[in-house]
Amino acid sequence: MKMLINAADTVVSDALEGLAQAHPGIVRVMRNPDYVVRTDAPLQQQVAIISGGGSGHEPMHIGYVGRGMLTAACPGAIFTSPTPDQILAATYASASRAGVLYIIKNYAGDRMNFEIAMETLLLEGVPVASVIVADDVANPMQDLRRGTGATIIVEKVAGAAAEMGASLEECARVARRAERQSRSIGVALSACTVPALARPSFHLGDNEIEIGIGIHGEAGRQRTTIAPVAQIVDQLCSALVDDLDLRAGDRTLALVNGLGATSPIELYIVFYEVARWCAARHIVLARSLVGNYMTSLDMAGCTITLMRLDDELLQLWDAPVCTPALRWGV
Amino acid sequence: MQITVDHVIRFLERAAALIREHATELTELDTVIGDADHGTNLNRGFSAVVVKLDALQDGDIGTILDVTGKTLLATVGGAAGPLYGTAFRRAGALLAGRHAIEGADIAAALEVALEGIIERGRVQRGEKTMLDAIAPGVETFRSAIAEGKSLEEAARCALAAVEEGMRATIPMQATKGRAAFLGPRSIGHQDPGATSAYYIACAMVGLNVDPPSDQNEAQLS
Amino acid sequence: MKMLINAADTVVSDALEGLAQAHPGIVRVMRNPDYVVRTDAPLQQQVAIISGGGSGHEPMHIGYVGRGMLTAACPGAIFTSPTPDQILAATYASASRAGVLYIIKNYAGDRMNFEIAMETLLLEGVPVASVIVADDVANPMQDLRRGTGATIIVEKVAGAAAEMGASLEECARVARRAERQSRSIGVALSACTVPALARPSFHLGDNEIEIGIGIHGEAGRQRTTIAPVAQIVDQLCSALVDDLDLRAGDRTLALVNGLGATSPIELYIVFYEVARWCAARHIVLARSLVGNYMTSLDMAGCTITLMRLDDELLQLWDAPVCTPALRWGV
Amino acid sequence: MQITVDHVIRFLERAAALIREHATELTELDTVIGDADHGTNLNRGFSAVVVKLDALQDGDIGTILDVTGKTLLATVGGAAGPLYGTAFRRAGALLAGRHAIEGADIAAALEVALEGIIERGRVQRGEKTMLDAIAPGVETFRSAIAEGKSLEEAARCALAAVEEGMRATIPMQATKGRAAFLGPRSIGHQDPGATSAYYIACAMVGLNVDPPSDQNEAQLS
């Protein structure tokens, strides 16, 4: 499998150096342990918002570090949760007395590594709270839901609150609300290739797609055949809207996210169908985001996230943000 | 017989060697029901442990195990890092200051390591994880020692139980870890974590004999 | 070949509707003839900056319509230059008495269609100027150079000048300067699939890459085998720097652009190598852009663009921009 | 014999039919040395022309050709749109107001159409474009008419020249259009534009006879 890399074991470090050089005004990249932090951190009296997870999902999370979003991010090895050392180092570089909020995707590894870091912080008396993102409705069982696209929204909302001077409790509250109001689901047209493995992690036939895939190269829940986007979107949106109990008149934010190898023109087509689908049900798309925001290496396909908006979440979403991957209002 | 610092160091070196040797196999297993990183991650972690061992020749067993746990925690990441890291650190805490231990100590250390995994992973047996290989091994070891079996004999019985537990993960449906996302699709595949646990257990067997020859290693694979 | 589309012949129109719904505050999408125009156009006393070209390169050009960049864009069929009707309709919707500047990529079709539109405008007395972008050094012969990544820079620079109230001559002058100071080259790891053809337009073996590819699914000039990114970047950057005669101390803008199916982590690795390569030669990377800015449907690979910066170009580059795909300072 | 409005409409309908029939072939040729859209684009354009023809039954030949050119310009895009569009519009301008034309008129119309392509494309013969098929056809037609050959005979000679010109593009290296980017790699492949020109020329032949049977059409392909 061909990739634009130097070697499997330098993928993450080379990319981190690339990020550092591309956005010197926004982020500082620290190595061993690896983390990415706002150039202006630590910010006195501002809650630090920290996330992290395996690499291979760029721009998540490292591309969301900056004013109005994450204070720091901890990139693990490819698809591997970061270690407590990384998390603690990022925390010490970010946290003020206002405390730190961890945004954790619902994977066993992510949860355990952040938990260990939190145990240390509690011993040290650093105020810490966490929010677990579990938005992927592919699995009907709530505690088996993966954290996917909603993570970006939760990071944005929590970061906006922190930037406005909200307390740790307040940041955690809005983050949890954003999480509870969001659902995601994905579809893959092809698997991704983990560099160390050097071949796709599963195989899809020429006409096959997989519904309910995750973002770690894992297969999904249901294999079916390629169909016009309108049909695929119908299936995906139905799952989201049912689970979130969205109703006519509800305002929503829609994120159509490319998984890495899907072209922008396709993503706009998917978004069009999402917009039509919602319009037909009088669900209002008040805000939207279309592009590669959380990838799975070179997987082809997309995820759709819908979030129910209210005035508070809308205001936090609209607040200024200046990160490598998300930027507005500044 | 007694287990000394030397034995423990040799165990860790052999564990690292076995993990390196089987890294691809572990990653392949993790490709089927996980995210294709288990071998890569553990290999990175145990290689880092081996580097640390040099400086620990004069340490006690507890310290060595604690450093091992800390190193795995700091370098493995994913689910396996916290789980193995916690297990080694708990065993290290129990054996703090000790330069020589025997069967009952090892049984107790394995017990607290096991508890560490259960607590950290919030996991029970039957969820298709490393626990399904480790738990029967620990139980078998403890009973064997309680029955007065030799250390070597107890370790061999335990290894057999670990292997059986590892194979028993094949028909299970995962309800913990990444494989759980697959639901029924996780059935029919051996758990990567249970498999790495088996190789680590292999490294424990024969601690009182010389490091295994190439032939021994070949048999393990 | 699987794609997230409804049908080959609705790809462009569906994507346009998607863009319209995703960015209602920034662009208006008009149909038959198709064009995308700033919501606030026509702007009195502001030169209209208009570009266009085949679709399949999103976000180019439709994603660059907005304050500080394009006034309007004309999307043709997939890889097909827009027609004079589209160009004229976009022009009438955008142009004030200050005139209109066309930014045209150096393809026979693009040139001829814009030329026909210009002939009409000249008859009607509308002040019109044009700049041809021919930045791709894959071809040694100057007039056979394709317009690629530099187009984005030229659009940004001209749009900034127009927004600042520059005259038509002034806008054309800075656009031409930006063009002359830019060079690009690309590498493909796989071909793209034109929906109507439904199979990749050429084939690359498991270890093959193609240097000097274009952005229309056309094969390149040289086929070689995959190598560490550092080597590929060395080859690409050498070609650019030679041709542009970049020297130690020169300030540059670097654009590492994904062609559609290449993951963000790879693009950051490429950028890292570009930064290292330039640093070793004391070429200063003063500004950069890393991401999918000009795609070729689902082609895997990237293009690298280097532009020599001076104070004027830097100021125009840094000026505020608010488009679907490029946004800063506002 | 004279060529009437009916003939011209029939020519355009047949051209549209032939382009539709060969759209995939044209796109395939354009895949090798271009961007895989020539057939799709021309088919879109000529289909639009056919739709317009209904309203033009009462028009003159010049108007019909002008509308055809305008429609191609407005719907084809790419390189072929402006080139064919300009050619038809130039011919239409020359034949404005005419309801019946003969050999010499057609020769003159072809001549201005050819000039239109040369001017619009800034192209010469030998650059591996549609011109390499069209120019010999126009010349042959003019000479044949000048020599007093029948319209049908002249058209058949011209078609043979077009076909030969089309094949002659195979060994050429392109220096205009998209294929030029390929440099020497463009050698050995037939030019898509020369090929579409051939099919359009095919539609001109036998204008004074009934529309071709299926068999005729099959021979053309």
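Each chain carries a letter (A, B, C and D) given by its place in the written order, and its residues are counted from 1.
The criterion applied here is as follows: contacts are C-beta pairs under 8 Å (C-beta built on N, C-alpha and C of every residue); 3 or more make two chains touch, one makes a residue touch a chain.
Every value quoted in this text rests on a predicted model; they were computed, and no experiment measured them.
Asks: Which other chains touch chain A while also touching chain D?
Replies: Looking at chain D and chain A together, the chains touching each of them are C.
Asks: Compared with chain A, which chain's mean CA position is the farthest off?
Replies: Comparing chain centres, D lies farthest from chain A.
Asks: So what's the Cα centroid distance for chain C and chain D, whole Å?
Replies: About 33 Å separates the centre of chain C from that of chain D.
Asks: Express in whole angstrom the distance between the two chain centres, defined as the mean CA positions of chain A and chain C.
Replies: Distance between chain centres: 28 Å.
Asks: Where the centres are mean C-alpha positions, what is the separation of chain B from chain D, in Å?
Replies: Whole-Å distance between the two chain centres: 77.
Asks: If you average the Cα atoms of chain B and of chain C to get two centres, how far apart are those centres in Å?
Replies: 55
Asks: Taking each residue of chain B in turn, which ones touch at least two of the other chains?
Replies: Chain B, residues with two or more chain partners: not present.
Asks: Which residue numbers or ranges of chain C touch two or more of the other chains?
Replies: none
Asks: Classify the inter-chain contact topology: is it line, ring, star, complete, or other?
Replies: line
Asks: Could you please write down every pair of chains that are in touch?
Replies: Chains touch in the following pairs: A-B, A-C, C-D.
Asks: For the complex, give me every residue of chain C touching chain D.
Replies: Those in contact with chain D are residues 33, 54, 76-85, 107-109, 112-113, 115-116, 138-139, 144, 146, 194, 196-197, 201-202, 214, 216-219, 221.
Asks: State the interface residues of chain C toward chain A in the complex, per the touch definition above.
Replies: 1-7, 11-12, 14-19, 21-22, 55-56, 58-59, 63, 189-190, 206-207, 209, 226, 228-230, 232, 260-273, 275, 285, 288, 290-292, 295, 297-298, 300-302, 327-330
Asks: In the complex of these two chains, what residues of chain B are touching chain A?
Replies: 27-28, 31, 33-37, 40-41, 44, 73-83, 85-86, 120-121, 175-178, 180-183, 185
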